[in-house]
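Sharing a structure, written as structure tokens. Questions coming.
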Amino acid sequence: MPGNSFGRIFRITTFGESHGTGIGVVIDGVPPGVALSAADIQQELDRRRPGQSTITTERNERDRVEILSGIIDGKTTGAPVALYIKNENMRTDDYEALKELYRPGHADYTYDMKYGIRDWRGGGRASGRETAARVAGGAVAKKLLRESGIEVIGYTLEIGGVRAERIKYDEIERNPVRSPDPGKVNEMVKRIKEVKAGGDSIGGIVEVVVTGVPPGLGEPVFDKLDALLAHAIMSVGAVKGVEIGRGFQSANMKGSEFNDQFEIRDGRIRTRTNNAGGILGGISTGEDIVLRAAIRPPASISIRQKTVDRKGEERDIEVYGRHDPCIVPRAVPVIEAMVSIVIIDCLLLQSAYQNWVKNRRSPL
Amino acid sequence: MPGNSFGRIFRITTFGESHGTGIGVVIDGVPPGVALSAADIQQELDRRRPGQSTITTERNERDRVEILSGIIDGKTTGAPVALYIKNENMRTDDYEALKELYRPGHADYTYDMKYGIRDWRGGGRASGRETAARVAGGAVAKKLLRESGIEVIGYTLEIGGVRAERIKYDEIERNPVRSPDPGKVNEMVKRIKEVKAGGDSIGGIVEVVVTGVPPGLGEPVFDKLDALLAHAIMSVGAVKGVEIGRGFQSANMKGSEFNDQFEIRDGRIRTRTNNAGGILGGISTGEDIVLRAAIRPPASISIRQKTVDRKGEERDIEVYGRHDPCIVPRAVPVIEAMVSIVIIDCLLLQSAYQNWVKNRRSPL
Amino acid sequence: MPGNSFGRIFRITTFGESHGTGIGVVIDGVPPGVALSAADIQQELDRRRPGQSTITTERNERDRVEILSGIIDGKTTGAPVALYIKNENMRTDDYEALKELYRPGHADYTYDMKYGIRDWRGGGRASGRETAARVAGGAVAKKLLRESGIEVIGYTLEIGGVRAERIKYDEIERNPVRSPDPGKVNEMVKRIKEVKAGGDSIGGIVEVVVTGVPPGLGEPVFDKLDALLAHAIMSVGAVKGVEIGRGFQSANMKGSEFNDQFEIRDGRIRTRTNNAGGILGGISTGEDIVLRAAIRPPASISIRQKTVDRKGEERDIEVYGRHDPCIVPRAVPVIEAMVSIVIIDCLLLQSAYQNWVKNRRSPL
Amino acid sequence: MPGNSFGRIFRITTFGESHGTGIGVVIDGVPPGVALSAADIQQELDRRRPGQSTITTERNERDRVEILSGIIDGKTTGAPVALYIKNENMRTDDYEALKELYRPGHADYTYDMKYGIRDWRGGGRASGRETAARVAGGAVAKKLLRESGIEVIGYTLEIGGVRAERIKYDEIERNPVRSPDPGKVNEMVKRIKEVKAGGDSIGGIVEVVVTGVPPGLGEPVFDKLDALLAHAIMSVGAVKGVEIGRGFQSANMKGSEFNDQFEIRDGRIRTRTNNAGGILGGISTGEDIVLRAAIRPPASISIRQKTVDRKGEERDIEVYGRHDPCIVPRAVPVIEAMVSIVIIDCLLLQSAYQNWVKNRRSPL
């Protein structure tokens, strides 16, 4: 309840700070008998880790994951799977000078107000480094989803106004910005380099598509599938907005345009369009789930800003160090991880009732 | 866990269907000794109820609330407060003809897939009527917040592309569309009447501002204040997007534009701008909390649409009955209610630690 | 979280006070498509209601249950089932005189310390009347268990030192003390009448046996099946002790006596004895679950006692009114209800993983 | 929800197996600014660790705790505190021979039924070693309680029928059986040595007293303080019964004997006796909380027993290895830990409402 856990049946609990000994996650509710290796998790961590390319931070953390529990003979046992990533390549000195200052756009001030004490070393718990534990947990979720025929695919839809126009899943991992549109890669990279040159940073939009989701996931009323997804995604530090299907566009649509009409296609009930983004009344329709997250520009910029220190004195600040000018490409696996955790959690919960449901379900 | 409860310390559980005997809410965690009357709740329900004006549905439900428990001598006792609203003015016959059809844009199909059985009378649990229980619960939250100096103010920012330009709180309740800009009322009303005349419906945007929130609310990582708000708001059936502060706009902003710089103002630490919408690192800053919800057009339209029936046959459908052409004005108190519940819940949770925090906090 | 809900997937939330308008329960997580009528619930409530016989309180409450939601055409829909029981036959005047006094053995003092305000009318929320909502919720759990071949059988093992020696399930409901041993009925009744004549009260022991539980229910570590049962049963006001299988006796047993050895019997793996009470490592073995609850004597006695009033003055008190001299027979359906809720909750949770488990399970 | 977490506001999540890399606990909800060192935790772990004396197992695990997160400059930050204990001195070979056998009294069979797979190395997650993580978490709870003037004192009340008659707190840690009665130490030790000589094991009773608890802790109805304590304690593997105050004795008491009458003493409201064990209506009275746990004899005995193997064949089994003949003395810190976690959790939750309560409370 104090906020470091997420999920109901499939539930992750994370710990660790940016400049402490390491970052970890305990995953409770992992079904038994599933083949799981460090490599399954490492592969996702490598997509998030810093130092991947010239457009990300130069910090070079290997982020090697270690499995601490929950596995025997390469398979899950039903016991909690604990994963741990040691911190490396820290430069705590970078933060000494900022110890007494509230960095604009960061959580320094709010943590101090909340707790009266603050881990100033790289933002401590408020650091983006915390998301490594999410990605580790999400990798396990992804593995389970794949066993169930469900894929979670994320990509950079937009960086600083440059928007992908074609969505080609195969292209995503082939370019440093994770653009699904190969024709926009250069423009996106250029945009990032521009702001970086000016000591500044830039935002963007991540889009995620989930394929293979069966109808029936999500709970009505407060735990609607879209509500859980919104919670999961908005809990990622850099996210300032979440939308499902047509999202904010739907505010200026008519019902006759927005409603997805039903038809029989491929031998089953389908909708002709997917404006709803695969969710009706909070429950999956069986169409692709489609959502977007607005990512704000990183707060750490080397341009001089006004701020206040812990004593309440007004001060100037310049935040040097090794920071990402644009976090969007590295946010893609983080958002995917959160989406994966929500979907497997809903799938397990729905399974709980399946004995009672299965004989009554489905017209086709 | 099956989705009909929301909140942690201040927790609501709702029940009831559109065309059953009534709708109710049990509120657990209401602090003791607070003056609370049916009138406090009725006042909010009246803002949500149908039949308020010519631009809402003609259904005329009085929605009289009854307090079933938790009060003695006009004050809360710490026991759960149960509220109940009997259903009236139902026309179940309107739905008989649709019993076997999956209405496009509604949850008919997904409920059938989830449960294998469905309360077809007016949408049952998936009806917008369910939000009356949220408003009743939110009214109690609002009362508690007011005792703590916190106000939650919602209004219609946009209907079908017509956007309020000036925000005057006093105007909101003086016009049928809950526009804070008196100069846009006629245009908004006209837009609604147009789509209604065509048997169609239209969407819009609700904005909410919360004033008086102390710094320190919200939990880091998964239960960030914005994550809880996104969950709460996205759980309202008609919402397709949620954004905080500059939201999706921030995707095309630079860090130097987006970061809210700190200063001393009014004798305390303030930010010069409020692009973050009053939340940093998931924790309230003490600035106004500002958020927006995208409301899709109502699904019930009287234009002919394609659909499928429960036997899997393709069919045509026209949904007659008494429906709102635009739900935005009535959604305002619903979104306010959900925001209020999140804020009081966070406030109570933060209080749990205050003995340990208070002597260490705040530079000023 | 503030304590008026219990269960995880099958979850009840109760409300209402002894002398308010009524008592209710919202049951979330009821599987869909299950036939359920008011009669199913009434039958259990009738076993708990006051005025059943000469040895219980003379208060004559009919406790008629009303189903407020969650049912269509006699079947559950997956939506929350809300049940409501109006209060009748209240004599609030009986309590006026005690308004300022802390009754020994009651929660008057502790509620005042906790909340600073108290519903003095018949104990308010702390009244045994609260258990009617548990029995109503438990009746739904029982119905579901029966569909799964599981029976929950409770009886009076002991009253004031008089202990049943033979356990004949058929006899339980045939006598007013719910003794499974017809040879002990008269002696138990006599014991109750004796203490009643003296204005006093007496305690006893309830035993519950659950048959038909499949192996595998309960979660390791903190949510062991026995831990959940202990929580559920100890939450009943009058219970001061809970034991599983040989319970406190096991403190003076050797491992060679206590261990239940395995064998093949009836074509499956069984234990030769059942000292563990059907639970090993917190997980059901498939043997009968056997547990006992110690029930203290009712606190309301008409013998003069020393106490203190709300102003902190020492006073004498005599509690007149219509009270049970022994609550044990009426506690039987309450304990059964709590056990039923735990078992169905564990069964549903275990079902969540069954797709992953079923192909790997069981040697026979 | 899958059972490896406990607590609400102060919440522990444990992981790790007997013969895996280690055992850990993540503690969420630790208040900020509290001095906390590895020594604080080590001290409690040393009370639980094997190899303390001749009457415990000869396994010699040092159980060195490492703090992985949540601390800066020796103080808690409000972030989760993760603690880790590497496994040492394992002899996995001891278990190879038992890999296919279901050990009587152990969870081998039930884990296999639940998960279809089992970590056979020393019982895996079902091993008593899991309790090291509880003790580590409990040590943090104890530290917080001590800051609030609350002490949790556990001791061996009984071993194999030998019962302490005098309770002298100072004596507890001075003898290997943790007897509070120095006159019974030799007899208890003798009883253990006898059963050990026969390759057998023996049970006993742990009693815990909590002093300094303010009135008002615990939530009415389902989360009564005694219900939470029963849950916590019964979740310890070896516990088969829990009682509060007079417990099972109260079943044969009259109301006039059992009721604790109120008086003014030491300038505040007190009870003359404490048969209720410090809890009325599920809420603390301010008197000492007193409870007992029945500990069954350890399941691992070297006497030949009948069992069944994973193929469903009947077999004989003798469990050699390094096992405790009596777990009671080592169970004392485990039970204390669980009690401490419940009390701090209730204390924090009650604090959440204190702004609303404090001005209305208490006659004196």
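Should a chain be cited, it is by its letter among A, B, C and D, assigned in written order, with residues numbered from 1 in that chain.
Just so we're on the same page, a contact is a pair of C-beta atoms (placed from the backbone, for glycine too) under 8 Å apart; a residue touches a chain by one contact, two chains touch by 3 or more.
In this text the structure is predicted, and so the values were computed from the model without any measurement.
S.K.: Measuring centre to centre with C-alpha atoms, which chain is farthest from subunit D?
M.R.: B
S.K.: A-D versus B-D: which interface comes out with more C-beta contact pairs?
M.R.: Of the two interfaces, A-D and B-D, more C-beta pairs touch across A-D.
S.K.: How far is the middle of subunit B from the middle of subunit D, if each middle is the mean of its Cα atoms, in Å?
M.R.: One centre to the other, that is 45 Å.
S.K.: From the mean C-alpha coordinate of subunit A to that of subunit D, what's the distance rounded to whole Å?
M.R.: 38
S.K.: Quick check: what residues of subunit C touch more than one other chain, meaning two or more?
M.R.: Where subunit C meets two or more other chains at a single residue, that happens at 1-5, 8-9, 14, 32-33, 78-79, 111, 114-117, 125, 220, 349, 357, 360.
S.K.: Touching subunit D in the complex: which residues of subunit A?
M.R.: Touch list, subunit A to subunit D: 1-5, 8-9, 11, 13-17, 20-22, 24, 26, 28-29, 32-33, 68-70, 72, 75-82, 84, 111, 114-121, 124-125.
S.K.: Which residues of subunit C touch subunit D once you look at their complex with the stated criterion?
M.R.: Counting only subunit C, the residues touching subunit D are 1-6, 8, 14, 102, 104-107, 109-117, 125-126, 130, 158, 160-161, 195, 200-205, 215-224, 226-235, 237, 240-264, 269, 271-272, 276-277, 279-286, 294-301, 303, 305-312, 314, 349-350, 357-364.
S.K.: Mind pulling up the subunit B residues that touch subunit D in the complex?
M.R.: Contacts found on subunit B: 1, 9, 31-34, 78-79, 220, 348-349, 351-357, 360.
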